[in-house]
Structures are given as structure tokens and as C-alpha cells.
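Here chain A shows up in two complexes: once beside chain B, once beside chain C.
Moving on to the complex of A and B:
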């Protein structure tokens, strides 16, 4: 197991190098003088020259990459054109918002997706199975931003049940410790803020969680069906074990391997979906930051945010792979 | 002649799968609309009239039948824009997937057939592209290229290339080891000949499945880029772009300007997913979901 983890870690290094190269090249592919691109459209001539010197933009391309990478590795992602603040600081400030939203969406997707998948498999070809699978198919076909808008329309505007933008109402105060508002509210025993933060999470959480929920439901169903047909399940039933135990203890445990993989993969993909969800619900996270940076042609911010999200994505995939190997020993010896 | 028969056979099998048949019908309707939007659209999709902005559609009464699905913030006919937008969205999907299929097959065949360092290098490139969530990669490429529909096609084409390359590579790895390939080699066939005449045709079935599902994903991503204002440029009718500025429509109570373009996207993607799933079941019943 240790050897597998080490090997998997080593594989990650060239991928991260590749990612950094792609992010580096984005600025070079952008039209115009790279020093001007990095300094912003309205920068003074001196500032543009300062950028040229700072990032070595008059040197050959591979030297530029070297300079850039060595700065990035030391945590220097440059200054945002829009705010003049260090990009790393801005990215770190916004990350907890995205993390909290993604975690809530994932919990929602896992609980409802697995429940629907198990029930569908146990009652294969029943009305529930049929409806759940049609629902799942619609779920994977719906544009996430449109779903967000529709939720906003029904529950936010028409029924006026739930807040449709931001993380907290303006009147609510909360001392931030981790940046995850639910956790902070618990830590500071602030019940009012907890309820308010949770209410703000409902609609974006559902919007973001629906596609993963549909995929988890489909995967759970097919994995369960495969296990239920196997001989050992027939043996369990033959020896008189209650159906509940057969399904939840024996069948589900064996079906978990592919389900965990899908959950891990989906969690990484949520980071992508968050870009659109955050834009709709004015969620002050990394996704919205990235989109705003693209609008403003704030290339240092684009680079920093994309690099950060891609690294998180790689780490999530790494953890998924290791978890997969842990619960499925066969994979380790390949 | 044989290939026509086998296509007919495949279609017959596909039609027995009810879900795939529904998908095929939905797709057929969309293709028809994309080919002949002027036959169906009641109004000019670009004609604006600010006096008619945010008018509701047929549900509001007979006098509103002129704009069956209402009008948008510039008083343009929502239905006509959706119908004309079908052309754009299907075209983006098909062109983007053609790019990814061409590139992906090329890389996958090379990688799988030759193995060794070619495989090593190409698959590391694929790994790197897989390290980005797809819409993030598309947005990043758009940030470099600048907005526009053609650029969106290229960006989405690149985004879907790694997936196709992996699929083709895995099939190639299996076919390469088969005896008939060895026989060809013994007969003195060149690498190019073996790849073109013997390996490539065998990779086509999974490629068709993934391309179909890929068009669904590409339409969603193109709509997302349009929604963000990075894809199709106004005033061109495009489903995603019709949804950018939805906040204003929603707060004005004009739900129809938001609901219907989204339904059009969802139905198209649903049809392609149904068809793709059906074809996958046909090719490999073990993968049935």
C-alpha cells in the first residue's frame, strides 16, 4: 500500500508540471505584448517595464517559464491587475467559500443519489425505479446554470422562501475562523448565523449537487444490481438472513468500490460546476473570481485561480485513487 | 453493400431499445429544425422592438399568439430565437466533437499502436489535460484566445480530446495483439496500412458512442460559455447566450425568456444521452446502466 501511494504521488509531479506549463502558456497565447498583458491595459509605461523585468519577459521562453515557476513555487502568483493585491492571498480568501459549497453539494448528492440508487436496484423495474432513472437521466442533461436560475425563480423569487445571493444576510455578523461559515457558526456558537448560512447554501447546493446526484444514483443502481445477482447473495438469502441485512451489510459493502470512485471523480468535477453556480448565486468563491478575472482580462488572477483549482483537482483525484486502492486491494498489485 | 446492411442492422437493433429510439426521434426533430428554421420560426429572430419587451406568450391569451413563447429584453421573439439557435448549438457540438474525435483518434491510434515512449509522452499530455475540470479548461483557453463562437468550438474540441484519445488507445491496445494483425504483419503490411485498414475500423463503434455523448457535453459547455458571454456574440441567437442576462429577466417576472431556452438545451442533451446510452448497451451489454 505504501509503495502504491508513493508511486501514485510520483506520477502526480509530472502532471503538476504540465499543468503549470499550460497555465504559463495562457498568457503567452493571449494577443499582445506579454508585459502589457500581465500589467493590464491601463498600466503606465514604467509599470509595464517593471513587469518585463520582474517576470523576465525579454528573455527566451524557457527562461521565462523558469522564472515564473520558481516564483510560483515560493507562493508568488503575482499581483492582481484589478485590485493590486497578491493573487495568492485573494485565492486563499475565496477558497473556503467554494469548498463549503462543494462539500454541501457533495453531501446532498451522495445521500440522495445513493438512496435512490439502492432503492431502484432493490425494486428493479418498479415504478420507483423507472421514475428515478428517468429523473437521473434528466439530471445529467440539465445545464447547471439553467437549473440554478430555475431554482432561483421558484424558491427565491416566486415563493420567496430562500435567499438567492451571497453567503449571509447583510445584518448577520459572524467571526470567521476557518472561512467555512457553517463550521465557524458552530465554533462560535452562533445559532442565528448558522441557520442563515445554511439557508444561503440550499439553492446553490442543490443546483451544484444535482448532476453528481444523478451520476451517483445511476452508478449505485448498476453496481448494486451486479452484486445482487452474485452467488454469495443467494447464499445469504438461502440461509435465511433478513433481506435488510443482505442488502445493506453484504450487497452494499461490495458495491461501494465503484460508487466511491464516482463520488471522488464527481467531487473534482464540482469545482468546475462551481464556476457557473457561483456566478449565478453571487457566491464569493473561486469560481466567480475566475470568471470575473476573465471578464477583466486580469491575467495574473486568471493564472493563479486556474492553477490553484487544477492543483486541488489533482489532489482530489489522488486521494480518490488512493482510497480506491485501499478498499479494493486488487488494484495495488497491478 | 455489406456496410449498408450492417448499418441497417444496427439501426434495427437500436430501434428495439426504447430509450435509444426516443433519443433518435428527439435528435431527428432537432436536426430538422436546424436545417429548416425559417419554415418554423414565426418571426425574425433578430428583429427587436423595445415597445414589445418582456411580453408573455400564448398562455396569456389569444392576442399574445404572435409571439408564442413571449419576447425577451429587446422585444425579440423567444421561440424564433430558440429555433434559429438550434442550428448554432448543434453546429458547435458537431464541430467541436469533430475536432476532438479527429485529434483524439490520431493520438490514441499512435499511442496504442506504437506504445513505448510515444505512448508515454502522449498519455502524460492527456493526463495534464485531465487535470483541469472541463469547463475550467474551456474558460482558460477562451481567456487566451478571446471570446467568439469559432474559438469556443476550438476550446471545447481540445477539452474533449483526451477522453477520445484514451478510448481509442484502449481499443487499439486490444486489437494490436490479435492474431489477424500478426498475420498482416507476416504478409509484410506497413504500419500505416495496418492502422488504417485494420485497427481504425475496429475503434469506430466506441468512437461513435463517445462522440454522441461528447456532442451532448459539448452543447452543454458551449451553452455555458455563451451564458458567461464568452461564446456566441450578440445578437446571434444561441441558447446559452439567450440566458446571459437572465437575472434581469427573472426580476422583471419574464420567466419565459429564461425557462424555454434552457428547456431546449436540456431536451437536446437528453436526446443525445439517450441515444449514446442505447448505443453503448448495444455494443457492450455489460456496461448497461
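Moving on to the complex of A and C:
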């Protein structure tokens, strides 16, 4: 097992190297020059030239890449051109917000998606099955920004039940330790902040969790249907096992692998920062940071953020793979 | 019984009067400001974007400031000043008893420090900033010296009449030298000024908080706190404002203006900003994009008559701008309102074209920037409207566009026959528009601010004279004359001045929009 994990980690090195090279080249091949974008209508040639020199943009590409890579290997992602702050620090400041929202969205998606999927499979071709699957189809197709605005309009403004955007009401104080507000509120025993942070998570959690929920529901249904038709299920029913035990213990456990795969993939995607959801809900996460960096042609920030996202994705994938072994004892890693 | 009744009525009258008194400014409360984005840095000398400047405005002040709502200046941290005979030396007498938020005394040392760090490469703080605006607006400042604790002398390398106006800019705000020394490269995260509010906290991309500075020299501000919340989407900002979870918002979505007008709880404030969006016709025979027809003033006037500016402003700017007839906006001093704009008249345009020898029009290319700018909403659509208007009088204009950075470079190099562009003023001085955008000094192929490559010696003389005289009345007269000359030569079709717009809940009082989008928060208060 340990050897497997080590080997997988070794494999990630060429992946991350490739990612770093592609990002590096793509941002530079895209039109636009950070100096020009920042100087705007005021561009004086001397200023732009001075800025290029200052940020090393006047050097040949391979030299720039070499310098950047050697810094990255030492754990330094460089300085953001727009804010002049260390990129790693900026990314780490925003990641907890994205992580917290992604976790909530995935919990929502997993609980409701799996429940709907199991029920649909058990009652295949029932009214519930049809409604759930049509619902899942709508869930996959609905644009997130529209869903987000509708949720805000209805729950935030008309019913006035939930906050519209942001992570905490202004005026509520919370000492941050991890950056995950729910956890921080628990750690500092701040009940008011916990309730408030939770309320702020509901709408973006639903908006962000809807697509994964729909995917999970569909995957659960088809995986369950496949397992339910197999012989060992028939045998178990014949043995007189209670239906509940047959479904939730034996069938579900055997159907879990593809479901966990979908959950892992979706979670990895969300951790990269959901650009639209974060923008709509004024969520100070990684997705918005990356997009702002792209608009500003802030090369170090784009490179750093994308590399960080790639690392997170690789880790989530690895954890998913390891989970397989626990779910299905027949899978053993060597 | 009657007496009791009278008494009750009397009490009501007194209470009623009390409500009238209640509209006197009230101390207390937290203002939540819905911001479209986050600040990049909080050092006033090292930011260039409006969102950061709004934040630093709450905390920092300069030697002079703009009078609320205008671009005229008034004494602020400097109580008075003198100019030497040759116009090269300014002596500022500083206000006494002013303190920075960290308790440091405001004095000549602080002023010298705040300026020198921007232009003296040997200054210990110089390495921590880009100082883009110094290079752009103050490169003619030769030196800044302390005369005594409350007197500062600033020497210029050439007389510059717009210097005083420029001294009201955000970038020459005075910073606490103690705090700079203490935080060094992190000063921009720990800003310390003399302004009415002091810094509390900044959670990136989420919010920034400032609180009332009790020892503010001008008296404690009305508000206890201001929280700047970042809400990037304009529709969501409006939802939050409607819900009452924020008190004001910047940059409303044009499509929402009707909805805002219908809501009795909301107030829209608007004012033409110090900006202009224009169509420039390339008159420079030495440029690669020059086309012969544009050398003829009749053709340029014809194009001015051909374009239906009103329709463009109404339908494409969607009520967020006013039509322009001069290069400078009406909110700027020196604006010449006597000028009569070329009216929309396609027949007159055709006649002028025929007179110039182009009865069947001609073919040309209209360059258009790919991005929306504050002075031009949806440029590609505006270009299409202009194209249709020109077609009407026989001019066939092909639309050409290229990525923004390249667009600026190539228009500066004069590769266009006609182009759309605009300008956002820095200091509110007409020189910052007319000289930068229309003087022959700035019509240099490759780095032109004057992308019409319009070169008029008479105008040049006037603009230079206006730069060198410190007599405000005379400067006004000169700029009025300059606008006449420009109008007659018609190097541009001035299109529009975009309005600044902010939406408030109606209990927010005392906020005045400034044409340069500066924010003065000390007069703002919240009604119960």
C-alpha cells in the first residue's frame, strides 16, 4: 500500500511538470501584455519597458521558465504582478473558502444524489424514477449563474430567509484559524458565527452542488440497477434476507466504485474553484482569484494558481483510488 | 379638557419639529459599501484603479483637495501656499496639530518622505513600489525640501499650471513615515494616513473595514465604521441593496436602472465623469494609416454631421452617458458651453463630401477596441452604429478590431484611418485632456496620445501658454479658445461623457459624487 502510494506520487511529478510547462506557455502565447494591460491609456513606453525588466518579462522564454521552475521547486511561486504579494500566500488565503464551499456542495450532492439514485433504481420505471431522472437532466443542464440568481431572489430577497452572498454578515466577528469558517467557529466556540456561516453556505452550496448531485444520482441509479440484476442478489433475496439489508448492504456496497469515482472527480473539479458560483455569491475563493489574474495577465498568479489546483486535483484522485481498496477488498494495490 | 388637548397638540408639534431636527447629521452606525471588486493595494501612491482609490480616500489626505463635487481645489493639509515669480517654486505652509492614525505628528518630514519615496531611487522605501503615477504626472517635480517643521518647498523643472490641481490627486497623499519604516514592503496591507477613518482589517476578495479616527483634525466623522464588501456581480449587488444588507453600491448594471428608479427605498446619484469617448480621424500624413480624405476639414465636418450621437448615447450607452460636443466634459472648469455641436444632418454631410470632391463617398477602416471601457460601453456595437450612419452618406467603413494591448500600441503608431478611443482624466485639469490628446507635442508616431495626429500651431501656442500661467481666469479663457479651434478643425467626433453612477438606500445622507470619482466619507451619515 505504502509502495503504491509512493509510486503514484512519483507519477505525479511528470504530470505537474507538464502542467507547469503548458500553463507557462499558454499564458504567454495568449495576446496581451501585463505591463500594457496595467498601464492602460497612460502607457508610456519607458514605464512599460521598465516594468518588463523589473518582472523579467524581457528575457527569453526558456530563461523565464527556468527561473520560475527553480523557484517553484524551492516552494516559491513568485510575486503577483498586480498586488506584489507572494502568490503562494494569496492562493492559500483563498483556498479554505473554496474548500469549505466544495465540501458543503459535495455533502449536499452526495446525500441527495445517492438517495435519489438508490430509490430510482429500486423503483425502476416508477413515477419517482421518472421525476428524479428528469430532475437530474434539468440539474445537469441548468446554468449555474441563473440558478444562483433565482435562489437569491427567492430565498434571499422574497422570503428573506437566507443571506444572499458573502461568507459572513459584516459585523460578525470570527477569529480565523484554519480559514474554514464552520470549523473556526466550532474551535473558538462562537455559536453565532457558526449559524451565520452555515446560513451563508446554503445557497451557494445548493447552486454548486446541483450538477454533481444530478451526475451522482444518474450514476448511482445505473450502478445499482446493474448490481441488483446479478445472481448473488437473487440468492440473498432467496435466503430471505430483509430487502433493506439486501439493498443497502450488499447491493450498494458493490455499486459504490463508480459512484465514488464520480464523487472524487467532481470534488476535484470543485476544488479548482467554481468561477461562476464564486463570482455570483461574492465568495472569496480560488476560482475568482484565478480569473482576476487572467484578466490582469498576471502571469505569476495564473501559473501559481493553476499549478496549485493541479496538485489538489492529483491528491484528490489519489485519495479516491485508495478509497477503492477499502470499498472493495478484492482490489489490492501493489 | 381643552387645555389637555392643546397640550397634546403642543407636544406633537414639538415632536414633529424634532423630526425636522433629526435630519441634522447623526453620529454613529456602520456603512456597508457594495464594491465591484477588491483593492489591489492600499498604498495611495502605488495604485491605479478606482476601487483601490475609493478605499485609500477614506484613510489618506493630501496637501490640497478637490472641493466636493468639483475639480477646483481647496487648502487641506496645507493651509496656504505661495508660488515664486518664475513659477518654479511652490512653498506650502502646513496645518498644525494633525496626527496620523498611529500617533505620529504630521509635519514637513512626513511630506518630504511621502514624495521622495516615489521619485528618489536612493530613498529606502523606493524599492517597495511601482510609482506609476509619479512617472506619469509628476516627472517635472525636481525636488521636495523641508524649510522648517511646517513649511515645505517643492521645486519644478518647468512651470506647470496644473501642478496644484495634480496635488489633489490620490497619489500624492501623505503617508506616515513611522508606519512605512515599520511595515516596509507590507505597508500596503497596513495603511496609515491622516484621514477621517483608520484601517481595521482586510480580508482579501471579501471585505475591508475602517473605523472612525477619534483624533481626526477635522473632527470625528459621523460614521463609526465603513465596511467595503466585494460583490463582483452588479445584479447581486442590487439584490443586496434591495434587501438592505448593504447601504450603497457602485457601478449599477445599465439594464437595472429602471428597476432602481421604481424602488422608493433607493436613490440613484449620477454625474458626468471626467472622461470622454471619441472617434478620432487620422490627419497625420506621416502615419501608415493616413487616408487623403481625412486631411480635408470638410470631410471631417461631414463625418461629424453624419453620426447620430444622440441615438448612440440613448440606445447603446443606455442612459449611462451624455452626448459630448467638446473634448472635455461639462463638469470640468473651462468647459466652453457656447460651442454649438455639429447637428445630425446626413444631407449636409453629403453636401460637404461632394464639395470636398467625394460625391460618392469613399472606403475606409474604422478601428474599434475589443473591450468595454468606462467611457465606452460595448464598443463593437457603437462601431456598427457609426458604420451604418456613415453608409448613409456614402462612406463605406470596414470595422477592424484587435486585442486591447495591441490596439493601444497600433493606434499610437497611427496605423488606423479612424479609431474609437477615450480618456479618463487624472487630475481634472483641462491640460490633462487637451494637451495630452490634441496637442502636436503628443502626435509622435509610435507613442501618440493624440491619435488624430492633429497638429495646429495656434492651438499649441495657446495650450503651452495655459500651462505656464498661474492665473486661473486667464487659463479658463485660453481653454475656451482652444475648444473653439478644435471644434472648427474637427479632428474628432466627440461621442460621449460617461456618467458616474452610484445607488444608495435613502437613509444614507451627505454623500456627494465627485466627477473624478473621488470619495469623501467624512460628511456621510446614516439616518435612523
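Keep in mind that, in the parts below, the second predicted complex is superposed on the first by the 280 of 334 C-alpha atoms of A that agree within 3 Å, B and C clash if a C-alpha of one lies under 4 Å from a C-alpha of the other, contacts with A are read in each partner's own complex, and residues count from 1 in each chain.
Here is the rule we go by: contacts are C-beta pairs under 8 Å (C-beta built on N, C-alpha and C of every residue); 3 or more make two chains touch, one makes a residue touch a chain.
Just so it is clear, the structure is predicted and the values come from calculations on it, not from any experiment.
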item: Partner chain(s) touched by A:63 [first = chain B, second = chain C, both, neither]; value: neither
item: Partner chain(s) touched by A:51 [first = chain B, second = chain C, both, neither]; value: second
item: First, second, both or neither for A:314, with chain B first and chain C second; value: first
item: Which of chain B and chain C A:29 touches, first, second, both or neither; value: first
item: First, second, both or neither for A:279, with chain B first and chain C second; value: both
item: Which of chain B and chain C A:294 touches, first, second, both or neither; value: first
item: Chain B versus chain C as contact partner of A:327, first or second or both or neither; value: neither
item: Which superposed partner A:152 touches (first chain B, second chain C, both, neither); value: both
item: First (chain B), second (chain C), both or neither touched by A:18; value: first
item: Chain B and chain C footprints on chain A, overlapping residues; value: 31, 149, 152-153, 157, 279
item: Residues on chain C engaged by chain A in the complex (per definition of touch); value: 30, 32, 37, 40-41, 48, 130, 132, 135-136, 185, 188-189, 203-207, 209, 227, 229-233, 235-236, 239-240, 242-243, 245, 403-406, 408-409, 412, 421-424, 426, 446-447
item: Residues of chain B touching chain A in the complex; value: 124-125, 127-129, 131-136, 139-146, 216, 220, 223-224, 227-230, 240, 243, 246, 250-251, 255, 258-259, 261-262, 265-267, 269-270, 273-274, 277, 288-289
item: Touch list for chain A against partner chain B, complex; value: 11, 14-16, 18-19, 21-23, 25-27, 29-31, 137-138, 140-147, 149-150, 152-153, 157, 218-219, 221-222, 268-269, 271-273, 275-276, 279, 290-291, 293-295, 297, 299, 302, 306, 309-310, 313-314, 317
item: Residues on chain A engaged by chain C in the complex (per definition of touch); value: 31-33, 36-47, 51, 54, 82-85, 90, 93-94, 97, 149, 152-153, 156-157, 160, 163-167, 169-171, 279-282, 284-285, 288-289, 292
